[in-house]
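Listed after this line are the structures, all set down as structure tokens.
Same chain, two partners: chain A is paired with chain B first, then with chain C.
Entry: the complex of A and B
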């Protein structure tokens, strides 16, 4: 009864041919399975992510997700995210040919920045805990409803949110129309209080007895808040057995304190030399709209996922995002049900109308101004690869490694004097590494 | 049986379950749709196809093609294309198993009664049956089959799995929506559930209906494409002097295969493939798992 390996291989191949002869050629599709030992238990996902910008911020993030599907297909999803951020972040001022001294946002102490260096505030340190809960259930034939709550807490930030979503299926579920709503209330209590827009940063000896009183003059309060209301309309369409498309439109209104209390701007003279540092100021409302299209295409074994987003707002920021993933199954010699998934993302953004990299001493003071590179003109891309496989009992383990490069670009601002010599638009390189385990 | 030919419809998760009885088994079709009319239609098409195959190939039905062949007493019987293709498939299975799988071996039932008791047949009884076993003696071509008097063929080892595959072919002509066809544990799916979620399939533990011992858990397998079949039946065996005789018989010796797993579940692109691989594995006895492992076939064995 013992056969050698080659003979047994022939049995499998010969049976495939015999089956095709019996059932017709089109019937021999593939078989894909995963086995698990129990059915209705909780499903857990855990992920650990590490993000590191060269010389700047590093973030570690742990995500734990628990999902339970109940008998009538109600789904409860609970997610806990903990992030820890450390490192330095750009404070908004421009590099200078001489040493620059800045006061920390808390008002407690100063830090120096070397000639030619982009000013970074190295006191950036925070831990964030985020909890999300979502309940989804079918309320009628073809109608699924979902509701959720969100809580996010940082040392100086609290965000509370609720959301609701309705999905209606048409045409035997080939078309799904969805309507989403979310509302967030955020409260900001930065250490040192909320700075007064365009007030000059107080620089001097923070141990001086008069310091606290002088510093308080640059503040307008200890906390501020903002609200965000999002409305989303979406349609998902099954095109055929291989292709699904999704289109979303979203409308987002943000009201309240939208300024970054940690960001300042350099006021320069005609030679480009810093004369003053002032706190930035942004409008107290923002209306963002976006259009999003995604297409998922199953080839015989691979899956291509391509999406495009166009965003525009009343700060005159516009952006284009192209994101694509391609999933390639690997043979079992690389791991059970293993796959590789290359990822490419391209992002291009235009600047807000009040963005400027610095202010001129003699120019009239604008209503709003910010030198935050994140609302300036930029391009960015991400290149990544993910490898996933099943390990014992059908649990999935995956690894993701990505490289991210963000390149702020000159939106056409004149660069007086010494500013021609320094880097006004430094690019940022970051590495993202993630391990995910589902069980 | 035929007066019980009804299909019932029930809600099931985000779709419908269509249930009926065929081939002495509970049968179920699951479809992920809210379109009740479509669900009913798919259920009817599947049930009618399964009943058609049952009527045509059941050895219990005196009017079936199978019975006509078995009662032919050496006369040539004309056959249609479907029967020819099934005989051809049986021929391949005989060759690939080196004679261990033989659709003429059903006659050994006359000697063996796997009722859980301890009564073994005598070697003389087995030898008497074995003289009517032997696939090479069957003559067939696309037009007709000739079976020696006293010989019988039995599609029992193929029929249910074949019906699953036929049902899947017919369903795919009706709809692109995800459908699962389960004929008493042998099953196949047309695709993963919508949004690529696999179907969850429970495989009954061989002891699930056994004598009052603590209830063992079913095994859950997620299936996103292809088929799954289980061979082996823990309820059919003989026990003598502490030795267990399984109902899986070696068609060459007429004796049960020794040290075979109690059941074998195999995954393959088509159900009939999964079924024959599971059966062929059991026929390897103690080497059952090795046989499938060497061919890189996914399986779950229970010993």
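Entry: the complex of A and C
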């Protein structure tokens, strides 16, 4: 036990030096000086998550978070996130009774989809690195200010963001009003460029000499961008010794390129047979609003955490989210504390006004259209369990295992001919597994 | 518009309950034994929240609410 304790301290000391060096602080700081200062000044969280959909995408994500609390309760938080994604993703087209051939988003090569199968593009592969920094401090009695920066980089995507938050305490700190603001600037440089809205997907031999020229006619540029501005208003209220509540209102404006350049739609005839595949097109602005309420209640030993969110936007999407966790401490054994925490989440959304699972050949062309099931009508739920164990020095090790199921539903679209025979709204099942170590 | 108005009403009601109830709500500083526990903080596990937000942001049409729901990745 003593050896373990010493090892843990050394790891923490080494990480403290490494973090200080990264911050550009005095890199000659020695292990002795770190050990002699307050050992609780730095807190580290590390986590690894694995997400896997049956027959589709799988993702691995690692987070490392370092938090330092200074003498005047100033808090510096630094977070590094790395994730990798591989696998197949729905391209937006509908299943057909025959083999279908599609061109990859890059324009280099084709892929075939078997009869009756939902068309999936299996070329998705991406690695992302994200860095966040946040500084929080008291600026006056009962007034706390916080500011942060965000950077996220993928092969084909760059996101830069800033945020600020002010919180004012009232009534013996039982009531807190907060006002937050965040701004993101994102640039998308998809491989193969930005497709022309509603242009037909070019299908043929990509090694043909005239291919590149023909493919370029379906493109309007190499990159595009979008900005996101969020305003968040919140109230936190202590109800009594056992209960605390929070209410938030948020307003979010997104402007710019909101289309998914990898998504297409099937154009069918009156028999439901595919005649063409066209690139989707979404409006270049979206205003989202939401109301969020959360309540925590401490029973004798257990804690119940329940939240509800209602979201609505000017694409006519509305959604309800209920998220709940129940923490059950397990009886102390050998001086260690542990808990179990079941998790249940329910989500239901309505479709965007321009969502449609496919287009009819003879219908007039709409201003906007997308067959992306993620903006269609859908119900989803998550069932999970977390086991956490406090080990020596206040370190915590936890495991989380969850099952997530998405069930897209029919919002009342007619299904001509062969489309009655195929699955237009396939469900998606995913497993989420996570290990977290805090020290 | 109807939905927006409804949400505003819900928000106003909850705000007024919070504001008008202030005299009877809340605790004295020495009654914060339970509230000061880590599991009673509004975001008890920021790591879990960050990972969940990323999953649901990329798989559903909604984001944010508890915190900022803005940009961040090309996953949506």
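The working rule: the second predicted complex is superposed on the first by the 397 of 439 C-alpha atoms of A that agree within 3 Å, B and C clash if a C-alpha of one lies under 4 Å from a C-alpha of the other, contacts with A are read in each partner's own complex, and residues count from 1 in each chain.
Everything that follows uses one rule, which is that contacts are C-beta pairs under 8 Å (C-beta built on N, C-alpha and C of every residue); 3 or more make two chains touch, one makes a residue touch a chain.
Being a predicted model, the structure only gives us computed values, none of them experimental.
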* Asked: What is the contact status of A:63 with respect to chain B (first) and chain C (second): first, second, both, or neither?
  -> second
* Of chain B and chain C, which one touches more of chain A's residues? -> C
* To do: Could you tell me if A:404 is touching chain B, chain C, both of them or neither one (first, second, both, neither)?
  => second
* Counting only touches as set out at the top, which of chain B and chain C does A:241 meet: first, second, both, neither? -> both
* Of the two partner chains, chain B (first) and chain C (second), which one does A:156 touch, if any: first, second, both, or neither? -> second
* Would you sort A:363 into first (chain B), second (chain C), both or neither based on which partner it touches? => neither
* **Contacts of A:73 with chain B and chain C, given as first, second, both or neither** => first
* To do: Classify the contacts of A:142 with the two partner chains as first (chain B alone), second (chain C alone), both, or neither.
  => first
* First, second, both or neither for A:169, with chain B first and chain C second -> first
* Asked: Following superposition on chain A, which residues of chain A contact chain B and also contact chain C?
  -> 172-173, 238, 240-241
* Structure fact -> So, in the complex, the side of chain A touching chain C is made of residues 45, 47, 49, 51, 61, 63, 65, 79, 81, 83, 85, 126, 128, 130, 150, 152, 154, 156-157, 159, 161, 163, 170-175, 180, 182-186, 188, 226, 228-230, 232, 235-242, 244-250, 252, 254, 288-294, 296, 298, 303, 305, 307, 309-312, 317-319, 321, 327, 347, 349, 352, 374-375, 378, 380, 386, 400, 404, 406, 428, 432, 434, 436
* **chain A-touching residues of chain B, taken from the complex the two chains share** => 13-14, 32-35, 38, 85-86, 88-89, 92-93, 96, 162, 165-166, 168-169, 175-177, 191-192, 194, 198, 200, 202, 217, 219-228, 267-270, 272-274, 276-277, 280, 284-285, 287, 291, 294-298, 300
* **Interfacial residue positions of chain C with respect to chain A in the complex** => 3-4, 7, 10-11, 14-15, 18, 22, 25-29, 31-35, 37, 39-40, 42, 44-48, 50-51, 54-56, 59-76
* Which chain A residues qualify as touching chain B in the complex? -> 1-3, 5, 8-12, 14-16, 18-19, 21-24, 26-39, 72-73, 138, 141-142, 169, 172-173, 238, 240-241, 332, 394
